[in-house]
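Letters are used for the chains, namely A, B and C, taken in the order the chains are written, and counting of residues starts over at 1 for each.
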Amino acid sequence: MDKFKPVPMKKKFFTPTVIVLSGLALNGLVFLLARFIWGIGAVTNLDNQHPWGIWIGLDVAAGVALAAGGFTTAAIGHIMHKDQYHSIIRPALLTALLGYTFVASSVMIDLGRYYYIWHPLIMWNGSSVLFEVGICVMIYLTVLYIEFLPVVTERFIGRVNLPGFVKRFNNPVDKILRILDRGLDKTMFIFIIAGVVLSCLHQSSLGTLMVIAGPKMHPLWQTPILPLLFLISAISVGLPMVIFESLITSRSFGLKPEMDILSDLGSMIGPLLGIYLAFKIGDVMIRKTFVYLMEFNTASIMFTIELLFGVIIPLRMFLSRQVLKSPVGLLIASFLVIFGVFINRMNNFLIAYTPPYEVHSYFPSVGEISVTVGFIALEILLFRLMVMIFPIVSVQQVSKPRTKYFVRGSAK
Amino acid sequence: MKTRIFILMFFCVLAISAQNKKTPPSMVGLTCKNCHTSAVPTKDKPAVKPCPRDNMVSVDQPAGKGPEVVTIDKLKNQTNVYSPVVFAHRLHAEMSGMSGGCKTCHHYNPQGQVIGCSECHEANRKREDVSKPDLNGAYHRQCMDCHRALNGKTSCVQCHQLNISGHQPDTQNPAMSIGKKVHPVIVAPTSLKFDTPQAPGKLVTFHHEEHVKLFKLECQNCHSNENCIKCHAENKIESIKTRTTEQRHAVCSNCHNTKENCGSCHADKPKTGFDHKEYTGFDLTRFHSKVTCNRCHVEKGNFGLLKKECANCHGVWTQDNFPHKKTGVVLDEIHSTLGCTDCHQEKDYSKPACTSCHDDKSYPKNIPGKLTGKTLSKN
Amino acid sequence: MANQSRRDFLKTAALAGAAVTGLSSKVKAGPKNILSENRMGALIDTTVCIGCRKCEWACKTAHAMETQSIETYDDRSVFKNSRRPTDKALTVVNEYPNDISENFPIDVKVQCMHCDHPACVSACIVGAFSKQENGSVVWDGDKCIGCRYCMVACPFQIPAFEFDKALKPDIKKCDFCNERTTKGKLPACTEICPVEAITYGTREDLVKAAHQKIKLYPNRYIDRVLGEYEVGGTSWMYLSSKEFEKLDFPKLGKDPAPGVSETIQHGIFAYFVPPVALYALLGGVMWINKNKKKHDSGAEGE
């Protein structure tokens, strides 16, 4: 029987795409430098009317949602014990890991006093939604790194080869890795469950975040069930994100897409999107906010785009057998869901936010866009780098029965 | 002076506690209810009514009795940004002559002595009773109400000197010189003629003197809410020109129905003054010349109710209780026994003709009755 | 995980649960949020305010902010534009036309309303905002991390941020002169106001005084005290001759601004029961699924 086994990718790192991405990343870093030298006001279009821009609305809110693949696959693979999906857990984990790392970075650069980012650890405010989100994200980020540790141990146990004079530490490091590996093996389930719980908490609380803005938020989006909508949409976008990322990786490294698994995953998305759509429409109906859809303005257009292209069309696509069987169909449908959630987060945090004393509306500056684009580019580059160093992407190969760490020791 | 003011302020308390048996002259015409909500105010619970107090007896005196110039320096210890204002009191008092008089500023001032702002308004802004403004607020509100309307400016240096060198009173202050000035006496016109766009009835003749003397109107009955700005506004002509019809009629419509009876004021020719006989057919000149309008026209503002009947005011008159002598005709013994309607038929109480009872021969021509010549000859 | 025994599983799970519950008792600790009965307030009578802007000068002087000389504040041309409090000016006066008598335009001083149930206090991630016993809502610069969530939360759009500062940018907003009032002084704007358009006193007294004024001068005021009930009541309140919405006040309900958000938040975290329950549930599901797999594979092996 053919088995999929995660191995480090062997390919040239630099391709034309990578060079373009590097340029974008570099450009973002330049603007980032300017932000630290001259302050937030110098780089962004933020002002007292619009305290939050795309660094929070897109980088953080959409970033967290799109990194939801980590906990959804963990839930399916580990908690439900659907072993057939194990091959997609590692890429999803890495996506989440990098995603959250950049979410944290984005928060940090957006903080006026970034050097006080540790304050929430000791200065608590139980009623603050942001506090809860912050703490959950901090813990979850740690959990993600712990969850990733086995990949590191797998890669390096027995192969620690430090250069130069630190060579003498080769043995101790190897020992530490082995201890870690053994310890983690016994306790990993705690972190996996914790990861899922923490994700549920902060994914939903991210929705509660804007509830306090009250009438400053457009009634199409301002609803007490925002946390529920955010949680369902995060769960719904997790799998499309995994599918999308898997298809792109396969293409990029010239592998055959694991269509069996992806089609299976795809078939779960339809019902999830259906539930989400039901809640969303129910909310609009019960609060009678559909009257705002009769108006022709940015809010109504954005709401329609979000719902039509982000939910209804992909919902129809995921319910079609043909789409589920075709890589291109899956790619497009997944992309639409990702796009939908992206737009939804942007709508909630930016479009819906209409302060009472608004002199001009907010549009991100070149600096803000550069930094956001730079971060995304950097994330993709790091992903590429990581899959080339660590055994993450599974490759179909004839192999012995699967054990957990079969690279260990003399396995090669 | 200060002690007298002090006594005034607490006159009610003093009266109640009977510490001062003598009633000060200022208290004449006052009852406790003028200022207190409680019938029995005590020292601990004075229950003073909040201003404005209805039916408050107000003070009035000629402008010349007040001080020429007042230096308002009660708050000089609280702030040192601006120096105290030198206030041309006399000039302002004269200007207010036409409107409210003293009470334009000295509002809710009981009869008698004029008291200053600080008697009621606390100098300390951090205080218990926040229902009325503190002294600083009271001063400025009084001034700014007119001065804002005058030119819209609110800058402090209009009245204050910016205090740069301590609390030295500034002798160069223009108010010092203004204070000596005397405002020209405001002369009330006899009558005014207004050209209006109304056609027909272009001309409105307004008999000012008549309104004051005959109708006994106080200045502020019409000139209410008027102050210096009435004359001294910077854009006076402009604002008069742009007034709406409603605004133009506002002063008159307090008493007159300006919506309907246009003809009572508007005419093509100048109108003569008000003549009760001509307008109503009831002659006042003979017996009612000293009666004020409201003795008969009791209902305020309504002059149309009365008919030409004595009973409106006088009750029922019979031959027994009517002092016929007052009409100038003393009835002799024979006539005094007659009923009123025997001579005055059909309720016509003007001079009856003797011929309705007597013919030429049946009464002696030389003694038709004793006459008090003057009154009769007038008719 | 295959060699994980059931006892181990339960033990570790219980431990983790206990740790989380232990956390919950502490999380209830938050910033100072006192609603004292004797809290102070301020009543702004917009029919009295003459728009002299001396409060703006006094505020800046009291807070050691950069300001021009006091005479420059006589310039009324600034009223052409509607202004908002910023990091450079904690209070500003705006002017609106008076339809009844144009000589007396309506001037409205704007500053923090010092809510009784402040959204900023509820929202702040580190509890840098607090509602003091004297009614003022103050910001603690030692805690703030500059996340600007207070600005998102504030229903009156008051807190301002020093966007132009790269290091130690502050959140700037009226602090009801907390430092001055604790020393027995008046708030700077209240002290300087020439016409006492701002009356300082206990909130209770001010509400009474405001209603008395409305009763005595029904023609002068509309029958509403802004801030008496808005967002659960504010320490600063307004009287006006014109509808407040026409004076650019936001239309707000009577419910406290943090209400819905806190209800959701406390619902999700009610004594940490929901998260712990979810944790237990997932643990159970995981354990059942694992055993099932083991059993299946065991059966296959036989």
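One rule holds for everything that comes next: contacts are C-beta pairs under 8 Å (C-beta built on N, C-alpha and C of every residue); 3 or more make two chains touch, one makes a residue touch a chain.
Just so it is clear, the structure is predicted and the values come from calculations on it, not from any experiment.
Participant: Please find the path from chain B to chain C through touching chains that uses the fewest steps, and give that number.
Facilitator: So the least number of steps between the two chains is 1.
Participant: Please indicate which chain is farthest from chain B, where distance is taken between mean Cα coordinates of the chains.
Facilitator: Between chain B and every other chain, the largest centroid distance is to A.
Participant: Indicate, using Cα centroids, the chain positioned nearest the centre of all protein chains shown.
Facilitator: Of all chains shown, the one whose C-alpha centre lies nearest the global C-alpha mean is C.
Participant: Between chain B and chain C, tell me the centre distance in angstrom, where each centre is the average of that chain's C-alpha atoms.
Facilitator: For chain B versus chain C, the centre distance works out to 53 Å.
Participant: Quick one: report the Å distance separating chain A from chain C, using the average Cα coordinate of each chain.
Facilitator: Comparing mean C-alpha positions, chain C is 32 Å from chain A.
Participant: Can you give the whole-Å distance between the Cα centres of chain A and chain B?
Facilitator: 82
Participant: Using the touch rule from the top of the page, what residues of chain A touch 2 or more other chains?
Facilitator: Where chain A is concerned, no single residue meets two or more other chains.
Participant: Would you pull the chain A residues touching chain C in the complex into a rising list?
Facilitator: Chain A residues touching chain C: 35-42, 44, 46-49, 51-52, 75, 78-81, 83, 107, 110-114, 116-117, 119-120, 123-132, 134, 185-190, 192-194, 196-197, 200-201, 204-205, 208-216, 224, 227, 353, 355-357, 404.
Participant: Touching residues of chain C toward chain B in the complex: what are they?
Facilitator: Against chain B, chain C makes touches at 43, 48, 50-52, 54, 70-71, 74, 76, 103-104, 186, 190-197, 199-201, 205-206, 209, 212-213, 216.
Participant: Considering only the defined contacts, which chain B positions touch chain C in the complex?
Facilitator: Chain B residues touching chain C: 50, 52, 79, 81, 125-126, 130-131, 133-134, 136-138, 140-141, 144, 148-149, 152-157, 162, 229.
Participant: Any idea which chain C residues touch chain A in the complex?
Facilitator: Checking each residue of chain C against chain A gives 1-4, 8-9, 12-13, 16, 26-31, 82, 84, 86-87, 119, 122-128, 143-149, 151-153, 155-157, 159-166, 168-169, 248, 250-253, 257-258, 260-262, 264-266, 268-269, 275, 278-279, 282-283, 285-286, 289-290, 292-293.
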